[in-house]
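To keep things clear, I will list the structure first and then write my remarks on it.
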Amino acid sequence: MTIRHKSFASDNNSGAHAEVVQAIAAANVGDAAAYGDDQWTAAAAEQLTAAFGASGAFFVFSGTAANVLGISLLLRPYEAVICAESSHLHVDECGAAERVLGCKLLTVATPDGKLTPELIGPRLAGRGDEHRVQPRVVEIAQVTEVGTCYSLAELRRLRDFCDSAGLCLFMDGARLANAAAYLECDLADLAADVDVLTFGGTKNGAVAGEAVIVMRDGLIADVRFLRKQQMQLGSKMRFISAQFTALLEDKLWLRSAQHANAMARRLADAVADVPCVTLCYPVQSNAVFASLTPDHVTTLQRDWSFSSSNTTESIVRWMTAFDTSEEDVDAFSDAIRATAPVGAAR
Amino acid sequence: MTIRHKSFASDNNSGAHAEVVQAIAAANVGDAAAYGDDQWTAAAAEQLTAAFGASGAFFVFSGTAANVLGISLLLRPYEAVICAESSHLHVDECGAAERVLGCKLLTVATPDGKLTPELIGPRLAGRGDEHRVQPRVVEIAQVTEVGTCYSLAELRRLRDFCDSAGLCLFMDGARLANAAAYLECDLADLAADVDVLTFGGTKNGAVAGEAVIVMRDGLIADVRFLRKQQMQLGSKMRFISAQFTALLEDKLWLRSAQHANAMARRLADAVADVPCVTLCYPVQSNAVFASLTPDHVTTLQRDWSFSSSNTTESIVRWMTAFDTSEEDVDAFSDAIRATAPVGAAR
Amino acid sequence: MTIRHKSFASDNNSGAHAEVVQAIAAANVGDAAAYGDDQWTAAAAEQLTAAFGASGAFFVFSGTAANVLGISLLLRPYEAVICAESSHLHVDECGAAERVLGCKLLTVATPDGKLTPELIGPRLAGRGDEHRVQPRVVEIAQVTEVGTCYSLAELRRLRDFCDSAGLCLFMDGARLANAAAYLECDLADLAADVDVLTFGGTKNGAVAGEAVIVMRDGLIADVRFLRKQQMQLGSKMRFISAQFTALLEDKLWLRSAQHANAMARRLADAVADVPCVTLCYPVQSNAVFASLTPDHVTTLQRDWSFSSSNTTESIVRWMTAFDTSEEDVDAFSDAIRATAPVGAAR
Amino acid sequence: MTIRHKSFASDNNSGAHAEVVQAIAAANVGDAAAYGDDQWTAAAAEQLTAAFGASGAFFVFSGTAANVLGISLLLRPYEAVICAESSHLHVDECGAAERVLGCKLLTVATPDGKLTPELIGPRLAGRGDEHRVQPRVVEIAQVTEVGTCYSLAELRRLRDFCDSAGLCLFMDGARLANAAAYLECDLADLAADVDVLTFGGTKNGAVAGEAVIVMRDGLIADVRFLRKQQMQLGSKMRFISAQFTALLEDKLWLRSAQHANAMARRLADAVADVPCVTLCYPVQSNAVFASLTPDHVTTLQRDWSFSSSNTTESIVRWMTAFDTSEEDVDAFSDAIRATAPVGAAR
């Protein structure tokens, strides 16, 4: 598949940040103990633990794995996860949670990808009834799958609800950096109200690697065993860890996310008045969702790479990344405008 | 953990081959479609498919994952895997097969890590009996966990047995390169008699990455879904694939394995006449297993890094790697000799 | 919990039909081979196979188990089940399918508990996409969980849709007898369009026991192993089988279901004009769902046993059974009328 | 399969005790709340709880299910079960533990079906090593699969070992009644040193039904949910429970077991001096294991029903039951003697 222009399909289409690749090369010096018993891993885990105010940080290979491992710390076999119908966990992980954890996901339709106490409440019916799975974990994504962010107040409110309802709170942070950039807060602020979260590297300039951040001491003991059993223990771990140290160096993770967010904002602003292009959600990260006419989508996709909804052809997702330039955005927004239906009223 | 000398603990303690790291950097050019729909992955998969005479090649993150994914192609829920008691699958994967596949491993004690028809036969009792799991896959490691290799004739004999007994044959090739080097044969020769095998990158100079090689067309359709569900689909796949292209370039994989094997041979030869050091198995790869006195082990481990058996303190494993030098071996063998019990009869 | 009147809570609250208990006693004569290799089991399985025009019939202990075993015959690990949001499989089996089969259930909201091609269609999005579970089985209940029945034409239409879409059709027949009674058709008619179904004994007068009916020869080989692995192989199987022979004798199953259905019809008719009592669904089996005022429900439940919805207090379910008498129904409908809100408009 | 004489194949070949069948009929009186919320279940559970000095008692359908449910109370996902190589759990449950619990069974060869601290010890290697499953439960069968019993002192010693090693102790009591009869002790004595055990009904005169006895309060909360998820919740539970009340009435369970044991003793004594018949294990329950010549086995099995080892043809198992008569035993022992090789030396 040839990509003629900068891809707006996914932040995964980008390469890695040069500093990350350099860090891999720099870690390639002689021997190191395998399976994470090395100095790079110790350093990166310590840095993350400090940045999040966490109990521990553990590296895995992929975002799906980070979600599954993180949730597995919180769940007994008959317990269930409440998540948004649009969640990556439910939609895009090929049933990994059901297969590996054997748990049920109780999905909730949301207007904007975000769960609220009001949306969660009805899913708690049947507690104590042995015929029903017992809800135990609320899973949220920060940034959500539609590019929106939970405010710190919304997180706090979810936490209070979870506390009162005997629930745990898990956060899929594949794009947590973008949330921190948008909310202008620390990683520790984002993590303060959850039990376990993930911190994505791959979508923010890493080659491969995600971190599972554990916020409660009591959950630490199981992690290493579950990680190995879930096939996520890297033998030459230093090459994963070193990427995170690079991302944390001078907050490269934040600078990259700020840039990606700015590019999404720039794109959204540029197309706001294009006929028959309607933004679907507030732009709060590096994603722009818009409604276009099907013909418009077809025309644009001849030259540009981006996703359109499987079920509703006219909803598109435009992602920016650390390496999306202003020129890329401007060329793309020009193309959107140039190919827009003329004189059409939708 | 500081390592003062070259580690003989594991080929995982080595860094990556410089050419592999360069290949990662070289792949970091602009955008590429995610999840393996990129040119690097297409090229590496094609190269591997050709080299093995296979139906397809698929990349995953770790050796444990490669084993689980490969076996999952062959097994129905009530079917079982026959494997050596010493197999990595059984001993060192924290029960991943049981957890992810839900299958039973039927273990067989072996003198040298190798299964034979005679050893497998008794495990077939109970076929057709609904109270028993039904043996379906024979799992072998090439190189075995004790460093021995199956000859091509032995593989053929296992294949014939499997055919006659309605069994599939799966090969854990985490160190397949070392077997090819020892047996002086092609990868296709090693693969000819199995249904699915793995081809290890990490232990042979990669940063991270293993390949699952599928030898039968009928098994291909499931792989991509199972890989994703088993949390082994890399988003920026090109950085895994590019490593394999580097390993295949001018048979870097073979040269590295030949060197590692030669270093093991050199070590074995050098210590053959050291008092109270007895080689346990024929040296057919990059591993030397030896029996030492417990005191000798303790003394040596003050300065040198290597594994000793958990259950029988005096059995040690010395691994060499692509980056083990003759000087490393000589210094180590000198140390073994210098610290050996004097005048002792064991 | 004391039950003062005939329970309308569930057909499970009834005891067993006297003929079923007598059949158990009659089977208690001397020795018989265990695990189903006995004459009672052979006879009952043969009778069921003939009645359904099936490839085979297999006994298990519970309805949940029958569903899980039946579906397990049709599903590969990454494949999913499409079912109604209201399905017993999804709501009332404590996640057994997810735990034992590791599969995802893709739920569909329905107006009347029934799936249609139009409702199923949108759930097929994402086929061929490795990030998504792949829909493979459509699960329907006949009678549905809200007491409605699929007509034979509706079943045929579902079958055609499944064929065209590469899907299998599984039918939860916990109350299949009631459907046959309502539709006035043979068991073979009900089964003709599905791949696997269950035939419930317990809700229709048995002590304990359900049958899994397999309609395709190619699915038979796995059943016995999966049944044992799923912990559903009875050792003294004759005592399960004999119950089914009793149910099949002179179509006791049908007579019982006809009676239960008639009692539900009688109840529905009797309350049709009670103020503030609104029937929710057409009465097509032994269940009557109605909407009542919350106060009315509370008052009635002081003396009468029946279920009210966990989420919407004012929806009630009234079940009749083989042993519900006209007097029971009349007393209950009198009570409903007597306690109804006076002069209220809802 | 016609059985001409009393079967010595399994205590499962017997029918049910007449009092058990009568209890089922007696429980068939009007309505009762489903799923165990009935007076029969309350009574039987209370009786069992008292008899065992337990925290709770829960009914399931089969022995395999009782084992899996019981063990599931004690195990986290990466933890393993240590059991005898000959254990029913490992050999005869078609991998239910691996499938449903996802756990590894670490098997130990034993001379007499019994585990000891000395035999368990080596299986604890690798604790704390994330590559290894972590042993957590020791599973024993009382009576063992070869008919032997643990003495109370042996149980106490295992308990002390488990306590010192951080292990739980689970007991498969499918034939616990026979152990109590042999050891002349109370059920509470047998249960005192374990965490969870099962109490078999089916092999001791029940139609179908086993009990899971939980000895620690902290384990109770999960049971009901896990039982349902594991497809073991009977809807008309009273018909299971009533069987146990019948078995407990005037210690029918004990009288039946005493009789069965006496019949095994009688058989063993009668054949002790038959040429070429060698008892393999001490006779401590209702099982007699013997070594015969293959020809002798073949001849005997023409007329008599019993098991012979799949792997070693000449080891036979003769089981007695509550309904085995002295005449049955005498006729069988006469037949054994009459068909024995004449003048043969083995």
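Things to note:
The chains carry the letters A, B, C and D, assigned in the order they are written, with residues numbered from 1 in each.
Convention: contacts are C-beta pairs under 8 Å (C-beta built on N, C-alpha and C of every residue); 3 or more make two chains touch, one makes a residue touch a chain.
Since the model is a prediction, treat every value here as computed from it, not as a measurement.
Using the average of C-alpha coordinates as each chain's centre, A ends up farthest from subunit D. One simple way to say how far apart two chains are is to compare their mean CA positions; for subunit B and subunit C this gives 51 Å. Rounded to whole angstrom units, the spacing between the C-alpha centres of subunit C and subunit D is 34. Note: centroid distance subunit A to subunit C, computed from Cα atoms, is 41 Å.
The set of subunit A residues touching two or more other chains comprises 35, 77-78, 93-95, 99-100, 102, 130-131, 133, 225, 228-229, 233. Under the stated contact rule, the graph of chain-to-chain touches is complete, every pair of chains being in contact.
The residues of subunit B lying in touch with subunit A in their complex are 1, 3, 6-7, 9-10, 12-16, 18, 21, 24-25, 27-35, 37-38, 61-65, 68, 93-96, 99-100, 202-203, 207-208, 225, 228-236, 239-240, 305.
Interface residues of subunit C facing subunit A in the complex, by the touch rule stated above, are 77-78, 80, 91-95, 98-100, 102-105, 107, 122, 125-126, 129-133, 310-311. Of all residues in subunit D, those touching subunit A in their complex are 35, 72, 76-78, 102, 130-131, 133-134, 222, 224-229, 233.
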